């Protein structure tokens, strides 16, 4: 069995298994904790509407905060959108997704994907430089922050190497690329990457909380 | 025809002109990516060279490789057999049968001990002491081991001989292995493919005849000159891949426009072979040009890498049960973790009361 | 009792404000207990709050650091220690070890060590001195984490560990013992009321057995701004309401909540709830006090364990409602005014528009601060911070934001609807010899009632 067979086979199966296992463990473990009932008289018309509203509006800072957060927000937007385009727009990726869950769509030209990958990688590098130099971020950062960055950047870099056939034989690069994504999948449930799933929960809670109070979020 | 005859003498006897011979040398040199001046050197060397003895053994194979070899256009098989080599044993083509055939092999081996070239196609079954494939009461493995002892070099023709091929595919009932698994102490060249491109077979033999040595090999024992690039890199449909234009079915607009066959399972990106450059049938076309994706036949275990029609980036496993079990276990442990946390909290509350 | 709390750093109770001898000391301890004991107590208190809501928040932080930009303490000092979410570090660590989905492994492999008393001590300054729980960070967080609420929860463990800044502990303890943090006992309060009704010739109903409206007061008003009592009475009398003040439940401030003692918080809240239930009030009016609004309007029912049988309104909401329905009439006030939004009423209370309605009826020229309304900067004195003497220097630093905002508004008059903010403004005014004086919205209305 070659490295590529391993990456496409057993490694993929088990990394997805670990991903599902860990994600459900963490979500269920959190959501089944006690949730106290709030008896206060609600001012807002609908807590659900408040939750949904905040899930959306918290995606960008309020105008009062825009100036002070612009740089960090811009970088985050670039690499989040870049990652989304690369992950969901590249035909080989779409084919994989279709083979996994049965849903597919049309892809983008490879040139667009290459360009986005480079931009994404640059934004990720800017993000890590900022984390390493900004006093607040330096103080806050822990292993999770750095490792999560690594497992996010590695697939982008290895993907570009595959496309460029640079550094090793194609099938080796492809295997490394797939394996790097599998490392990400395995790490996902246990680190901060879970924020992508926790985000609607946290924002929703706060949205409902503020909606009850009739305060803006 | 005597082994002592030089190739030049043999050619003249056959009435082949020097001009035709030069043409053949030029073609072969170009195929081997040699500098243009080497064609002349090759011609001079070959003219004077003694015709070497070649023993061609066939085991678990379909004769596809032999069929391919006979369709080689340059140098033609006829040239090789009758002019450049002394093919002393090849079951498919030889007139002799039975005891006479085996005697011919033994004689050739004895007369050319240490000098003959051993060509093998087909895999070697090792199951039940090699009983799955025997010739004149001897097992394939035994004949091969003995023949390899006296060979100058071994050429494994076809993916079965090179990597085990289809006989080796799951569940491999006969215990088939590659030639290199049996022959350990002699240089082995793997000319893989199912079948290999005919010019690649003859090109390797011509190289051996010209230089008396084997060409440079890659990590799988294949000549880099033919197996140095992927099908994908040299594919004439590559621009469509880069543009994101893919055929979705074999009879859609994209297929008619000759777009990339990646989505239809083409294994070109991970397959190393000379198909896009040398092509088949006197350079007519190659599978992708005929509208079908590459099967990856020159790579080890190509038969066991999932469907030929599922794209390269897709999974090659099925494991709904494993994933279902993982999800169920995740939920169960999550519930357990929450219950433990709630209990611990209750315990803390109790401590607080007391 | 106060003398018992710490022999090493005794409280100076005779000064204008409670203060400690050694302000350089960055942490205080209550009582003589061993560290193990303190830690266990902190853990028990933390564990109480580790429900699903808190867990989702604590699991979600991506360490983006944006909350620092919303925090007055970081903005004014550039000290990354004041990053809001970092103030939760020990709380989060305790959660991961105690209640998170992977808690078992954190304990098994000691991936997160037990929170130590040293850590909690170090964090005392971060959880108390440099956080007013103003909630600006809760609005900037891209994950939507309500950091301010979590700080309030983290204070529970600090209190149980006996690691509260002394002055805050002392006022909370006094509130629990005497019914008021500042000595406004029922006796003192009654004397004030008698004097005020005499002096200002206004009728103040006390201890009615049955009333439609129960009025509560802040100790700060009773002791420092007694005009607020007169103003409230004037407005309610003008409306002809059947209202009362009850000496068994009048104190709206809740230092139990601010200091982190959940039991005391409950005791203090239940006094008012019981008083309102006893007199059959349909409405409870909360005074101009920020945290009193949060404590009763939003936490009250949860402490009661069921919906409250009466409506809870901040006095600014009450004014806005009655001006809106025309029952209350006011004269026009031809002045330019700027309004300071108390965090717990506006940003975290949702009653941002009420004072603006009132101001519109008064016809003033409102110059909004920048930013104003829901994102107005905190005065720096909320969350009990104004009581902590050693935090004064830091508090003055952040108060400079407020001064700048007010100055830039260019308004003649500075208004607010929280006596704690007002007290902080008065203190800042004295410290900086500033020319702006804080005024009460309620008093402005009461002074301009139209017949």
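When the chains are written out, they are named A, B and C in that same order, and each has its own residue count from 1.
Note that a residue touches a chain if its C-beta (ideal position, glycine included) is under 8 Å from a C-beta of that chain, and two chains touch if they have at least 3 such contacts.
The structure displayed is predicted, hence computed values, not measured ones.
Peer 1: Going by C-alpha centres, which chain would you call the most central?
Peer 2: Per-chain C-alpha centroids ranked by distance to the global centroid put A first.
Peer 1: Decide which interface, B-C or A-C, involves more C-beta pairs in contact, and give its chain pair.
Peer 2: By the number of C-beta pairs in contact, the winner is A-C.
Peer 1: Name the chain whose C-alpha centroid is most distant from the C-alpha centroid of subunit B.
Peer 2: Following the centroid criterion, the farthest chain would be C.
Peer 1: Per the centroid of Cα atoms for each chain, what is the distance between subunit A and subunit B, given in Å?
Peer 2: 43
Peer 1: Nearest whole angstrom, what separates the Cα centre of subunit A from the Cα centre of subunit C?
Peer 2: Chain centroid spacing, subunit A to subunit C, equals 38 Å.
Peer 1: What whole-Å value do you get for the distance between subunit B and subunit C if each is reduced to the mean of its CA atoms?
Peer 2: Using C-alpha averages as centres, the distance is 80 Å.
Peer 1: Two-or-more-chain contact residues of subunit C, please, as numbers and ranges.
Peer 2: 50, 99-102
Peer 1: What parts of subunit A, by residue number, touch at least two of the other chains?
Peer 2: Those would be 25-26, 28-34.
Peer 1: Would you please write down the residue numbers of subunit B that are in contact with two or more other chains?
Peer 2: In subunit B, residues 334, 337-338, 341, 345 touch at least two other chains, as defined above.
Peer 1: Within their complex, state which residues of subunit A touch subunit B.
Peer 2: 1-2, 4-5, 8-10, 12-14, 16-18, 20-34, 91-93, 95-96, 98-100, 107-112, 165, 170-171, 174
Peer 1: Which residues of subunit C touch subunit B in their complex?
Peer 2: 40, 43-45, 47-48, 50, 98-104
Peer 1: Along subunit B, where are the residues that touch subunit A in the complex?
Peer 2: Against subunit A, subunit B makes touches at 230, 232-233, 241-244, 246, 262-263, 269-270, 300-301, 305-306, 310-317, 319, 322-323, 325-327, 329-331, 333-335, 337-339, 341-342, 345.
Peer 1: Quick one: in the complex, what on subunit A touches subunit C?
Peer 2: For this pair, the touching residues of subunit A are 25-26, 28-41, 43-44, 54-55, 58-59, 61-62, 64-65, 68-69, 72-73, 76, 134-142, 144-145, 190, 192, 194-195, 198-199, 201-207, 209-210, 212-217.
Peer 1: With touch defined as at the start, can you tell me which subunit B residues reach subunit C in the complex?
Peer 2: Contacts found on subunit B: 334, 337-338, 340-341, 344-345, 348-349, 351-352.
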